[in-house]
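We call the chains A, B and C, going by the order they appear; numbering starts again at 1 in every chain.
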Amino acid sequence: MTKKMLAYIDHFHGKAQPSSWEGLGLAAEISKDLGGETVALVLGDSVNELANIAFHYGADQVLLADNPILKDFRPEPLADMIVQAAREYQPDLIIFPTTSRGRTLAGMVAVDLDSGVMVDVIALDWAGGEITATRPIYGGKLLAKLTCSTTPQIITLRTRAFDKPVPDPSRSGSVTTLDVGIDPAGVATSIASHEEKDGGVSLNDASVIVSGGRGVALNPALEPPGDLDEEAAEIWKAEQGFALVQGLADVLGAAVGASRAAVDAKYIEYDHQVGQTGKVVSPDLYFACGVSGAIQHLAGMRSSKVIVAINKDPDAPIFNFARFGLVGDMHTILPPLTEALREYLAG
Amino acid sequence: MRKEGNSVKIIVCVKQVPDTAATMTVDNGAISWGDAPLIINPWDEFAVEAALKLATEQGGEVIALCLGKEGETEAIKHALAMGADSAVMVSDPALKGADNVAASKVLAAAIQKIGDTDLVLFGQQSVDTDTGLLPVQTARLLKWPSLTLVSKFESVNPEDGKIRVLRSMEEAGQVVDSALPAVVSVTKDYGDPRYPSFMGIRKASKAEFPTWSLADLGIDTPASSISWPDVAETVQKEIVTEIIEGETPDQKAKSLVEKLIAEKVL
Amino acid sequence: MDFGLSEEHQMVQRMVRDFAAKEVFPTIQEQDRVGGMAPFIIPRMAELGILGITIPVKFGGQGMDYISLGLVCEELEFIDTSLRVAISVHNGLTCLTLLQWGTEEQKERYLVPLAKGEKIGCGAFTEPGAGSDFAHIRSSGKNDGQDYILNGEKMWISLATIADFAVVTVRTDQKSDPAYQGLSTFMVDLNSPGITRGDIHGKLGVRAGSTGWINFQNVRVPSKNLIGEEGEGFKVTMSAFDSGRYTVAAGATGLIRASLQASTSYAEERTISSGKISDFQLIQVKIARMALDYQAARLLYLNAGWLKNEGIRNTRETSSAKWYATEASFRAASEAVQIHGAYGFSDEYPVERFMRNAKGAMIYEGSNEIQSLIQADYALDKRRDKKIRRELPPYDHQTWT
């Protein structure tokens, strides 16, 4: 039984949210199993390039509406277009990424199409064509399985819960242009301007944190400037170490944390302290660099989803709580790690 | 009843949820939070705060609207104690298991019954079922513009029927002009909500407010498409520590990146 | 008998709990280390109405009942004793003493600004040479026909250097026999000429608070500032203690809860080779004892609060509550340190602060030795409370709000 799938490509001024490709990848996977085409929905202004990229990520067909009226994000006209496309194309399943825009559009479309939304899905089962979605609720303490009795079924995927396909630049497909019959006067909102997000990730909200401990000051290969006394030399070395931590954080869009030992030694300000005293954090990914992992630091970060420990000492307690451990000097590991991640994230 | 000048009539939709520190369990398929108290959805406090500030600045009234189980009045009482002028509870046994679209239909009907509203505010999501869908679906049903993730109200002008807000997206903030009435969801960035005052607490504990059923709203039980055939407690996985091998730091680094990709945290 | 908290009480509890957790907790450990009361605390509590919570609205207060005062104290001390100490002396020793003994004129002049938090009050009773032996204090007040001239020194006065007013008891009759009948209590403006004050450093606990001394050198206090009549000072002071002691009992209950929470949390986190330490019975029993003490202390102070609401004399019940809760809180905090092992000995964790703070309450507001003698007197029927000329007003929702 063929299932017709539609994957909405969420973007900002033509730059896709990476999780849109995860949705497209899922659509392709389901198509492969159940038969059918993988169709992407691209709406915006000057988004032809985005349509091409959709082919690279696995779309066979792109439904495209390219029109100045769709340039900036206004949910109402975009939802109208999605509903129009859905009524024409009649998908069984519409997939959105759970971005700020994806969530909104999914909700509105469900109202118009008299269906329901399964939000923030982390796993999907489509055996025998019956779709069951799994999603976390109550802050992840419980997992719910959901089904939808109406069509189209509409789901939003949690970011990074599904694999991003590897793009194949040689792929192409067919573009179907949608008529845009929206009356500009009928849209109740207009965008006055955009504002840059100010940089700097706060520890509280960060989904990735890179922390430094006492080890930041212990690079044996560093020679501090001759005019510094012992204390200043130690702090100088620590600053170099924290620069490496910051480098990794920058590539990952992460916040920088520190152990109490590092803060007490004045390597970094108290604002960055993670631990029993200091902040309690629960990011998706936590790098502990040169941190021994004593219980008071753990108290601040042990509910992180994935902990990566980098420490010279193979017996450091942190290795008992880390998902991944690298035994080695953080000063030799962080530079190649930062580079490798930079490459991966750019691609 | 037309209001004076730029005064603004605001409905704030509030919900009660179990305390976020509660241990959640599933007993025979039923979700349980033990004897943890029910509280106002923490995100809703920001919406109540925004409503109160606007009503203070330009005159007006704030009405707390809650869809919930009969007798579960924590959210409403908290909103009243913060300073909301009045409240309406909507409750009906037929709404057990209602999905988001159904709930939005009920809220839309209640908002229309209250009438003459300039602005409907929501918290950006709820800590229990966490969908963030009610604000946009309610807006769609009312055919009012939806402005989600608002952190700032630049101007609210009911006389001219206009509003300007700053809302968030992943990449940038967006300054949006919209017609009124509109439905807005408010983020944490709006600013810290006030605590209930003691006078407010006293008033709230004595406050009376109507409870409307579906019959009072004049609508039939809306259909729900979404079902929950299974809920289970999340099993804490045992941490399986993997020491990354490699001859050189470079190799270890590359190997780690691969592992992180497979672990789906990048 | 309904032992439950009303909806109103639960909202009060939650509000203060949220305030203390959000605004005080993040920096309290550091503040305790540095010493002294953080400048934002008193003004912020004033702003939130906490400094006048149990005073009728017509006197500038929030019109809540005495149980609410207890709940506030429990929640504040859950975060740090210093917060509750401020309430004990401002709300307890000062505001409630005025509510009980003040003339209408004194209530207008002092109680209103105090309840609004525009002015801060404290109680100046203890002296370097007399604590428990209060009947024999030596500070003097000499009537010069018009005013009283105060001389002497008071010590261990919380908020001494922050307060605007103090309730001060001195000896006005040097020859009275028995001695306690020669005492009188005054409302004193701490900015009066002749008053010097300073902070006391080097305390074992309540380091994030303000404790000091006040010295009186020929301080002129108008006769209209007499609280009660001349010679009634001992009675007025004992009434003040009934109020202050209640807040101490409620606060200590919060400290038991804090020790309990810290202990269960640590016991669940701390793993050794054979598992979490919360699986081990010796740890479990310590925690069970704390939990039991919490329940008992809580019922004792709520009972005292209820009696105050009803206008029933409660010296005995307030004393029981204070004695029990403070002994139990020191025990709980000490065991909490023990449960934390070596980490309990470090200021990385709050339990050492709880223990140091808990010790003070066993000494002040009527030492526990005094409480035990009071209780013995009641138990052996050597003491029966006589009606006092002015009683603490019962809570009356109609007239207070």
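Quick note on the criterion: a residue touches a chain if its C-beta (ideal position, glycine included) is under 8 Å from a C-beta of that chain, and two chains touch if they have at least 3 such contacts.
Since this is a predicted model, take the numbers as computed values, not measurements.
This structure's chain pair with the greatest number of C-beta contacts is A-B. Using mean Cα coordinates as chain centres, the one most removed from subunit B is C. The distance from the centre of subunit B to the centre of subunit C, each centre being the mean of the chain's C-alpha atoms, comes to 40 Å.
Between the Cα centres of subunit A and subunit B there is a gap of 23 Å.
Per-chain Cα centroids separate subunit A from subunit C by 52 Å.
By the touch rule above, subunit C contacts subunit B in their complex via residues 6-8, 10-12, 14-15, 18-19, 48-49, 53, 62-64, 68, 401. Taken in their complex, subunit A has these residues touching subunit C: 260, 275-277, 295-296, 298-299, 302. Of all the residues in subunit A, the ones that touch subunit B in their complex are 12, 15, 17, 72-76, 79, 99-101, 103-104, 106-108, 110-112, 114-120, 132, 136-150, 160-161, 163, 188-197, 208, 284-285, 305-306, 308, 319-329, 332-333, 336-337, 339-341, 344-345. For subunit B in complex with subunit A, the touching residues are 18, 20, 23-24, 26, 31, 99-101, 104, 127-133, 136-137, 139-141, 144-149, 164, 166, 168-179, 182, 224-234, 239-244, 249-250, 252-254, 256-257, 259-261, 263-266. Subunit B contributes residues 37, 39, 77-78, 81, 195-199, 201-202, 204-205 to its touches with subunit C in the complex.
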